[in-house]
Each structure stands twice: as structure tokens, then as C-alpha cells.
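Residue numbering begins at 1 within each chain, and the chains themselves are lettered A, B, C and D in the order written.
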Amino acid sequence: MWRFLRRLLTSEYLVLLLTALYVLCLWPFAPEIVSAQTALEVIMAMLPLLLLAIGQTFVLIVAGIDLSITSTMAFSSVVAAALMTGDGGYLAGNALAVPVALIAFLLIGLAVGCANGLCVVRLGMPSFMVTLVAQTFLSGAAIWFTSLHSTSVSIGDLPAAFSVIGRGGIAGIPYALLLCLVVAFAAHWLLGRTTLGRWLYAVGNNPRAATVSGVPTGRVIIIAFVLSGFCAALASIVYTSRLETGTPVLGQRVLLDVIGAAVIGGVSLFGGRGKISWVILGVLFLSVVDKGLQLLGLSQSIVFAVKGGVILLAAIIDALRSRILVRVAA
Amino acid sequence: ADEKTIAIMFDSLQSPFWVTGFDVLKEKAKAAGYQPLESISNLDDNKQFEQVQSMIQKKVSGIIIVQTDSKAVIPAIREANKAGIPMVHFNRPPAESDAKSSAVQADNRAIMKSTVQALVDKARKAGGKYKAAILIGDLGDQNAIQRRDGFFDVVDQNKDIIEVVARISTEWNPDKAFADLTNALQANPDINFLVTSSDFLLPQIQQALKIAGKWKKTGEEGHVLFAGFDGDEGQYAALKDGYMDVGGVQNLFYEADLAIGAIEKMNKGEEVPKLLLDPGFVITQETLDQDRDKMWGYAVWKKANG
Amino acid sequence: MQTSSTRASLAVLRSAPALLFVAVVVLFAILAPRFLEVQNFANILTQSANVAIVAVGMTFVLLLAGVDLSVGAAMYVCAAVAGLYFKDLPAPAAMALMTAIGALFGAINALFIVGLGIAAFIVTLATLFVGRGLALHLSQTKMVFAGDPVLAFGQGGFLGISYAVWTMAIVLLLALWVQQWTPYGRYLYAIGADREGARKAGIPVRRVVFATYVLCGTLAGLGGFVSFSQVAAASSGFGLQKEFPVIAAAVLGGTSLFGGRGGVLGSVFGAILIQTVQNGLVLLNANPYLYPLVISAIIFIAVLLDSQRTRILARLTRRQIRIEPGVEARRSTAT
Amino acid sequence: MSSARDSAASERAGGAPLLKVEGLRKSFFGVEVLKGVSFTLEAGKALGVIGENGSGKSTTMNIINGLLPPSAGTMAIDGRPYAPANSKEAARAGIAFIHQELNLFENLSIAENLALQAFPRRISWLPQIDKARMRARAADLLRRVDLDLSPDMLVNRLAPGERQLVEIAKALSGDARIIVFDEPTTSLTSREAERLFALVAQLKARGLGVIYISHILEDVLRLCDDVVTLRDGTMVDNRPAASVTTGHLIESMLGRPIAELFPPRSAAAPRQEVALDVRGLTQPGIVHDLTFRVMRGEIVGIAGLMGSGRSETARILFGLDPALSGTVAVNGTVIAQRSPRACMAAGMAFLTEDRRGDGLLLPEGVLTNVELARLADLRTNAAAPLPQAMLDRDASEAARSVRIKAHDLVRQPVLSLSGGNQQKVVLAKWLLREPAVFILDEPTRGIDVGAKAEIYGLVRQLAERGTGVLVISSEVEELLGVCDRVLTMAHGEIVAEFTWPELDRAAILRAAMQRQEGAA
């Protein structure tokens, strides 16, 4: 028993254990937390976050950071919405509206990622500043853009064919979940099994050594940002279709959650370290924490305090775990 | 959980209006025999959607919501409809849709219009030309936009005496409001007509005006014609002390009663109109004593000042 | 090997940030007549003071390759406590109180970061939530008003310069001294460049790191005080997401997030530059929708200039092996 | 060996030796790397410590310096028990340490690096650095190691050799009684090395104890009074230097004799095809009009003083630094846009002199490091799956061929490998590729004799299979031993060329120095 506990505590999936522990603690107070419905809602809630976190992981692995993901989402959300909205959209009523809008989402994500990457690589600017600027600019641009296309602050009346992405599914499995699974598997495979994956880690570890060893360092960094932009666009599709609205403040507050989830999962902010499976657990952890707090319906101050406390506790247990690991090894 | 519960879901508690509204709703819900469940979305549409789902799962008797976005809330209303839980929008109506819910709202544009009109009337009476500044709220917030529009509805009719020299985008951020108002007063020392889209910025406005030497009572040399909006305790104090000339007031108590009443009616199966309007009212230094009991800020003020 | 022309271009490059600043000023001066007034510059400095002060503390943390996301929460906690329970304290006492609370906040961060060896990002992310939760609980999410003495501090000044600016100037000078002239300051750079190496070199790494987070908290408290005295009241959004402009000011001023590079002077400069642009836009009565676009464009240019400058400087000061014929020079040893 | 003066010195110290180490043991992750090491160091003496790469020399010294706690064993200074908790305590006990891996802060100035342990103050209660005194002291220390640099210069602008001298100056700065040199000459040219030896003699004369670790056994015999030999963490030998020869040392180190350090030059003359053809390579201020060829099967050396531009030449050749004009051709094809990738595609390989900065992914394992350069060769698109099994097999093969000593090729981070083994990892990375042109910048830095012999053998084998090899080295003996031809550089120019069998140590050095003196 004791040995089993120690094994659990020292495994790299400790975060999962913590999540389970948290659920157990909350069970008496909010019995709904152990239910199929909750599980489904947690999964649905974590999907877009997970997409964002996966994209962010690529950038973190090359020792960068991408603060522009949320406004990339917001900007692509309103532009695509303006294309397809029934309320005076450019392609209102057109059968091509939805496909074109989807392409618009992705193009914007790719373009922003590419621009970020180029600035970091070709102009040698720090990624924190580049993406912070992109964040300010795009979020301003999204608000402005919306004001030109709508009398209110968001763009609604999106075609049913689009909103079905957020709600519908095949054989009971939501599209969003399928999309997320595909992305997660692809990312996992890319990082673990391909040349590009190796290059990403190498660049994050030591860009000079990578360059000397023939890694196209600049291109690899650009690709990381492009992937992040792409994932942000996918997340935006999920969010926008779920809300059936294009809004310029989409996901404004999730940035720290996304980076936090990656870091809690064990991705290093200094590059060279991170795994998709860790990120999934990190996102799951934060989503479950949030869900639990929502179910309790507590006041905002307690929600904040509990959330912070839980994150801290997770970190403390993780720290203890590495100590035990060292002791076991010695 | 055989207790009846009501979900009270706000998007933020940034200003006294929302804080008091939140409290008043909770109190009135308790008085009506419900246990209130709280949630704050922090201006995140998606988080709010998830919160609504959680509340539905808790099988609440009703949801009173301040949504972040009038359109993004529609899927949430549909979910509530599906679960048969009545939903009332507090102070922000949703966009047109097939989803069924009811909204309680102050008529922002109209109240702002009458407020600014009252201020313009005072200006005309005093005579002279005016340089105006307005503190606009977050450009992503529908109420802020309506209040801004209400302001311009009136000002544009009175271009002969009023020139707008500063449109200050506060983003509902006190820091920014303070800094930008200070800057605007620096650039245009002759600003003498000021309207704020929310009373919660009063402390910053007072501080900025003090620094510019313009925090003067009505009638004093250098007084700025000044209108507030919301009707909070700060507005009451400013009117009472003579620094503010006109205030637009949302009738919070009335709105809270409307909201809870609507939920009870819907639970009984009665029809409730889609929009329950709070016409609000305008209060001035002259009408303060007679109308203050309708003013929620006065109640708060009285409690705080004995 | 430096010819006079390379020396000249070096001089230009070294002062590139200042030149950009001048360019921004000239631009606004042309567009907005009142921009050039002395009072306006005083305003800009006054308004940038709180971010600048917090950015000084953040710079020290960044030099260590750490980060403190909780500064905004610390500001709020300080303001809430001071405004709720110590409203009548005279301004210096209120300042001391808020600074002390900030220091305590920083010490808690430091305890986890140094004592348990948890990543600073996670610790301060957690204390950000806990801190905000605490302050919201104390204030019951209501607006907290500053006492009259504190308000007087916000309005007042000495020799025509606001107290906020005096505070900023004193903090900057002290910080510069600490950074350049004390062992502690030099340790920061060493630890940031190579923590393990610093330990090997016998630097008291843990003590330095601890002190730095305490210092950052302290300055967050002080910045909170300055901000509180200006905005006169702390609503539930006080200090919210302040970490971004603060870190941005530091990075804009040339401090690296990876430690060991940068300094406080640049950070203060970064804070002032951002505020200047903001101020200029208000004076122009620009369309509010344009603010974020213009501000981000100017920050972009600033960062771009800085990065290009660093590159060119590196190239120009590169070691020369050959003595090219015709150029009279010696092996360059100085920077 | 024990003269009257020596015994008098030990009597003054109360009969107890300056440093006594007894039964030191140390394990990492369950692997025992020190299995009971004991020796004594007398004041005024130098103790040589030798051993294969990974035999535990640096680990022993790290324990003495308080950086690692021993698993078992005791130490005593002057007969008093000594158990430092950190390097500060070690410094207080009078121990100074020159690390094998340089331990300087690149973002600080030389003066600051030298003063870091104890910044001078003017006023004792005010923690303000007395910069004038700090600078003066730094200037003084720099003079002692004969380094003509401004104390205010940032360390990141120094060449490796210069850094090593600064590191040595640092050890001299305190009032140490025991100075540990862990492979101090790896980036020094013979001239600086001579200077260092004189310094060591001085230190001994002043009554300090010196521990000197090196793979250059001649130096050890010359400098030291006693020699301790480690093999696999066990002390296998400890005797006076006067009683042994390098042959003995090698045998006790490796447990076997080595026949020849340098491989025999192949009987067949180098082939006539040109492997590397460099023409008119010029970069203002760096190199001037470099023109030379390396034939297939030929090993060409570049000799020169520190700072003569050899490493820069290599970096330019490999596309890491720009050149204004000139061409580089591999196997007859000019590489148009030189970049490391293009150069690698053309068949070049480049072992850099800075293994930690340019060579290794320190937190990764051996295989990951070895495979890295190979990835660029996989002529598939980057998103295609890796032939992982094949890569791992080849990489383990390469790792074995250079005899990397690691307890886990996959999981052990190269960071925790011994210095020499780290160098072997970089070497294995390039050997894996069978390059057409192989540029090696200081290839045997920090490598033990046994491994050196193996590396020379490997390089020779490569050449015999048709690779053109360019070796940059500061060890003239090495160039003499392995090269078919030696070019000498000074001030960014090739000033002389020597062809085997006319290779002559004195002539090479003279060529390297003449220009230097002439220009100064």
C-alpha cells in the first residue's frame, strides 16, 4: 500500500492523482461533480483550452512564449463571423459561407503565427514583446472591426451549419472532441516521432548547438509560432460555434490559465521540455478545479482563494515528489 | 438539496452598481425564500456558458444573469429552456432570437439622454459656450455604447454651444480613466462640461479635477457642469455637496423586484414580456431631497453614514 | 579597432531609445499643440510612476530569470488593507504600511520559491489568485476609498513636482545604486546568467533570490500606494492584470526574460514611453478605437529598434583579429 | 626525494599534512563512481591526479571543494577534520578551485568575476563596491597571468583561452593555501601553458599545496612531486613523480599499455582529388585571403597562437559566420549560400571548440545528442516519422566506438558526464555522418591519453576512407603526430605551410609568433 502510494506520488502523472483527490474532496459538498454530465461538461470545457495549450506548448518548447493567442481567437472570430452572419454578412445566405469562414479562421491563425515567428526570427525581437504587441493590436483591431460590422459589440446570427460544430457530433461524440483528439494525437506524434519534433526540443535546449548541428533553427521557431496560431484558430472555431457569436473579447481571460496549465503539466518556460500528455493533464486539472468551484456556487473571493490554493498545493506536492525521487535515486 | 435555489450570475463586480445589484438580488432572493448561488464570469463569455451549464445541473429554480455578451448568451438560454429553467437578464437584454427569456433593463440611452438634456438645459440657462468631455466605458460593453450614444444624441443637437473636445475611452479601468482625464484636462484647460458613463469613476474624476483645480461647487468660479450615471452613493454625495449637477439614476430596487418576480411568474407558467423596462429617472441638486428615497445609492449612503 | 565613423555610429546606436523617444515627442508636439507643455510632461511622469516603480522590482526578478505575476494582486491587497482599516494614517505611515504589506506578500512568494523550490511562475500565479481572493473578501468586492491624507499625497508635490514623481525618482536612483554598486546587484546578474555556476562560486543564491522577491513585493506595495493615492479608490479591478504592463515596461527597456540582461533604468524608461504615447493620443482627441492600434505600433517600433541596435552593436564591437592596412588602431580592449 | 627543507616544512605544520583525504566514496543514482580514494597533500608540494575520462577526478575535487557531499570518507586540513557544506566554506578553509568547465559569468566584467567571492568595500557598513580597488586588484591579477586586457571588459568578449587565464587569476585572488587545477591547459597555447607552469612553481615555493589534474602526462611529471592515479573510481597508484615514466602512468591509468599514441601514417600517399578547396576567403578585420586545399585522405592541421583566427576560419568555412568574399568547395562543388545546413549537405562536419555552448544539448541524453546532426541528413520531410530504431542503433554504435562512459545512454543527461566524455559525445555526433570534409577545432580538449589514441585512430581511419580532415589544435605535438600537412596562421592569415616529414615544432612556433611580434 505504502509502496503503491509512493509509486503514484513519483510517477509523472501525479497531476492526475491530484485531480482525483480534488474531486473526492468536493464530492460531499457537490455530489453532482461525480456524474456523467459533469464529466462531459468538463471535457467540453477543456477542449478549446487544450487546443490553445497544445499550440502554446510548441512555442514554450522552443523557449518562446505566445501571448497573442487570445486576441488571435478574438480577431478570427469576428472576421469569420462578419463573413457568414445572416445579419448583413458578406456571404450571408451563401452556401459557401461556412467553408469560407472556416478558411478565414485558419488563415488568420496561420498569418498571425507566421508574423510572430518572422519578427522573432528575422528581426530578432523577444517573443514576449512581439506577441504582446500582436495581442494589443489584434484585440484593438477586433473591437474596431466589430464596430464597423455590427451595431452592438458582437456579431451573432451565425448559420446553423456553423454552430453545429460546437454542439453536434457523430455517434454521440462531439465534433469538438474529435477535432481535439486528432490535434492532440498529431501533436504528440509530431513531438515524439518526427524530425521536426526533435528539432523543436533541440532549438529550445540550445539554439547554438542546434544551428551547428544543421537544424534550420529559424524555420523551426517560425513553425512553432505558426502551429500556435493554427491551434488558436481551431480553438476560436470551437468557441465561436459554441457561443454562436463572433466576439472581440473572446477568451480574453484564459491566457494565464493556458500557460499555467502547460506549466503545471511540467512544460518548462525556458524551453526544451514538455509533452502533450503532461499538457492534457495540466488542462484537465485546471478545468476540473474550475468546474468544482462553479458547482459550489461560492462567492468570487472564495473562488479565487481556492483556485490559487489548489494550484499552490499541486505545486508543493510536485516539489515534494521531486525530493522523494532524488532520495529514492540516491 | 431540497432547498430552492436561484442562480445569480454576474460578469463582474467592477462598480458599485454591480456590487449593490448583486447584494440586492441576493437579499431579495433570500427574502423570497431562495438560497442564492453565485457566479462571476470575469467578462469571459465562454466561462459564463459553462457556469450556466453547472447551474442547470444544480437544478436551480431560476437564473438571473448579467451576460457578458448579448448574442453569445443565446446558446446558454437555449440550454436553460431545454431544462425548463426560467432565465432573467439583469440590466442587459439578449439579442433577438428564438430562445425564451425575459430581461430587466434600465433604458440606458433614454436615461443618458434625459440626463445630458438636463445638463444642457442648465448650460443654456447659464449661457456661454462649453467645451465638453465624456468618459466612455468599455467599447466592448453594450451599455457603455448606449450611454455614449445617448450622450451624442443630445450633444449633437446642441452643437451651437457645446463642442466635444475629449472622448476618453476608460475601458472601465479607473487607472486609465484617471490618467486620461488628467491628460484631457491638461490639453483643454477650458473643459467645463463633463459627463461620465458610470459613477464608479467618481473618485478618479474628483482626484483629477482637484489636481486641475476644477473641483468646485455649483456657482463657484471654475465649476465644471457635471453629470453622473448609475445613482450610486458617490453620486448622492456629490449631488448633496453640490459638485455634481445632474445624475442619471437606474432604479435598482425596482429592477431587482422585477427580476425575481419574473422568475416566480415563469415558474408558475405565466407569460412574462421579453423586456421589462426600468425607465429610471434623472435627479438634480434641486430634486434631490424629494427623490432620494428612490435612489439606491442613498440607501447605501445612509447605511454607511448612519 | 574603432574608427571615428564607427565611433559615431556607435554613439547613435547606443542612444537609439532616447532618439525614438524624441521622435515620438516631436510627432505629438506637431499634432497636439499642448503636448509640449511642461505641465504635460509632469503629468506623464506622474502617471507612469506606479508602473515604473513596480517595474523596477520586476526587473530585479527578471534579472534572476524569475517572474512575479502577483504584483497586481499585491497592489490590491495593500490598498484594500490600507483603505479599509487604516484610513486616517498620515501619508508617510500609509506608505510604510502598504510597502510593508507588499514586502510580506513578496516574502510569502519567496518562501515557496526558495524554500520549496517551486517554479516562480506557478507560485506567483497561485498567489495572484489567493491575493485577489483575499482582497475581495476583505472589501466584500466593494470599492475601497483612500483616506484624505493619502489623497493629499496624490494631489500634492514638492518644488512643483508631484510626490509620485519624487517617489519614482528616489526608487530609481536607489535601484540603480543597488544594481551597479552593491554586491547584491552584481549577484543578480551572476545568478541570472548561471544559477548553478553562482552556487559554485559561493554566492548565497538562496538568500539573494529570497531578498529579490521580497523587494519586488515591497515595490509592488509602494507602486500600489502611489496608484491608490492617484485613483483615490480601489475597485475590484485594482491592479488587475497589472503584471503585463509592468513586465512589458521592463522588456521594452531591454531586460531579458531569461535572466542576466537588462537593468532598471530601461524599465523606467519603458514605462514612461508607453505613458507618453497614451497621453499624446488623449491630447489628440483621437478615435478611441485607434488607441490600442497606435500604442502597439509604437511599442513594436521601439522593440524593433532595440533588437536591431543590439545586433548592430554586437557586430560593430566584435573582436578584430586582423589589423587592416591603412587603419591606425590598436587591439580594442575596451567595450 | 625528501630533502631537509621539506621535512622541516611538515614539522612546522605540526606533523599533519596540509590536506588528507581518506576513503572517499560517492554514488550518483545508485552508481558508485568513487570507491574509496585516499591521498595526502603536503604544503609546498604539487600532487598530480590522473585517470581516464570519467574515472572520478573532477568528482573527487568537487567533494574537496564542498560542491558535493561524499557518501563516505573523511578529509582533514592540518590534521583538523574538514567537511565543507558549500564552496564558500571551502574557500574559507583556504581552498581555491579552477574548474574544468569554466565558471565565469559572461555578463559581468573581468574585474567583477575576479572579485565575486568578496567584493572590496570602502566603508565597512555600507555594502558599496569599491570599484577603483576592485579594478586595481583585477589589473594586478591579470598581470600575474600575463593577460593584457582591460578589467572592465565583459567576459563574453573573451576567447576561451583568455577565459581560462581569467579563471586561473580568480583562483589566485583569495589567500588560498591549496589550489586545485582541473585541466587548466585545455585551451591554452604552449606559451601560456609555460607561463602557467612558472606560476605553479611560484605557488609551491610560497608554501601552497597544488593539486594538478591533467591528461597531458608530460606536464604532470614535470610539475608534480607525487602522482595519484584513478581508475574507475579506485585509486590504483600513488607514487613520487620522480620514480615513474609516462609509459608507467598510461599503463596504470588504462590497465594496459598503449602501443602508439599516434596512428601510423598511411603508406599510401593522400589521394589526388581535392576534398576541400578554399579560395580567397576574406572577411575584413577577421581573416584575409585564405587559400588552401585539403585532399581526400589527407589530414591538414592549422597551428597558430591564441586569437590568430583559426576558430574564426573554421566558423566561416562552416557557414556560421559571414565572409565578404571567397569560395569554398567540397569535392569540387562550390557551396553557394554557406550555412551549416548547406555545408552539411555538401558533406562537411564541424566539431566546435566550445562543447557546452555550441556542441551539446546538456539536459538531453547521449543518444539524443549523437543523433541530432544526423537528422538533417534524413532526406525526408521534417514531419515524416523517424526511423528511430535505426537511429538509436547507429548512435549507440558511434557512442561505443569512442567509448563514452555513461551509465545510461538514453536517460543520463550529458550534463552529468565527465568533461572528456562530453567531448566524446560531440565527436560521436559527427563520426556518425561519415563526412567528406571534417573540421575539428581542438578535438582532444580534455580527453585522456587512451581516448586520444583512439580518436587519432578514428580520424586516420576516416581519412583512409577518403575524408579530408582539417584539425585545429593548440597542442603542437598533436599536429606533429597526426597531420600530413600543417598550416600556420597569424593575424588571420596563413603565414606558413609545412609538409610531413618536414614538420618541425620550432619552425611552426616561430612562424606563428613572428608576425605577432612584428605587428605588436
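Operating definition for what follows: contacts are C-beta pairs under 8 Å (C-beta built on N, C-alpha and C of every residue); 3 or more make two chains touch, one makes a residue touch a chain.
Computed from a predicted structure; not experimentally measured.
Of all chains in the assembly, those touching chain B and also chain D are A, C. Centre-to-centre separation of chain B and chain C, using mean CA positions: 35 Å.
In terms of their C-alpha centroids, the spacing between chain A and chain D amounts to 45 Å. Averaging C-alpha coordinates per chain places the centre of chain C 42 Å away from that of chain D. Centroids built from CA atoms put chain C at 29 Å from chain A. For chain D, the set of residues that touch two or more other chains is empty.
Residues of chain A in contact with two or more other chains: 143, 147, 299-300, 303. Within chain C, contacts with two or more other chains are made by residues 140-141, 289, 291.
Applying the touch criterion to all chain pairs gives A-B, A-C, A-D, B-C, C-D.
Chain A makes touch with chain C in their complex at residues 63, 65, 67, 119, 123-126, 128-130, 132-134, 136-137, 139-141, 143-144, 147, 256, 259-260, 263-264, 269-270, 299-309, 311-312, 315-316, 318-320, 322. Residues of chain C that touch chain A in their complex: 65, 67, 69, 112, 116-119, 121-123, 125-137, 140-141, 244, 247-248, 251-252, 256-258, 289-293, 295-297, 299-300, 303-304, 307-308, 310-311.
On chain B, the positions that touch chain A within their shared complex are 5, 7, 13, 37-40, 42-47, 49-51, 53-55, 57-58, 68-72, 74-75, 95, 97, 139-142, 145. Residues of chain D touching chain C in their complex: 67, 86-88, 91, 99, 103-108, 112, 116-117, 119, 127-129, 131, 148-150, 152-154, 157, 159, 284-288, 307-309, 312, 491-493, 519.
Residues 32, 34-35, 37, 39-40, 43, 46-47, 50, 140-143, 145-146, 151, 154-155, 227, 230-233, 235-238, 275, 278-279, 282-283, 285, 287-289, 291 of chain C are the ones that touch chain B when the two sit in their complex.
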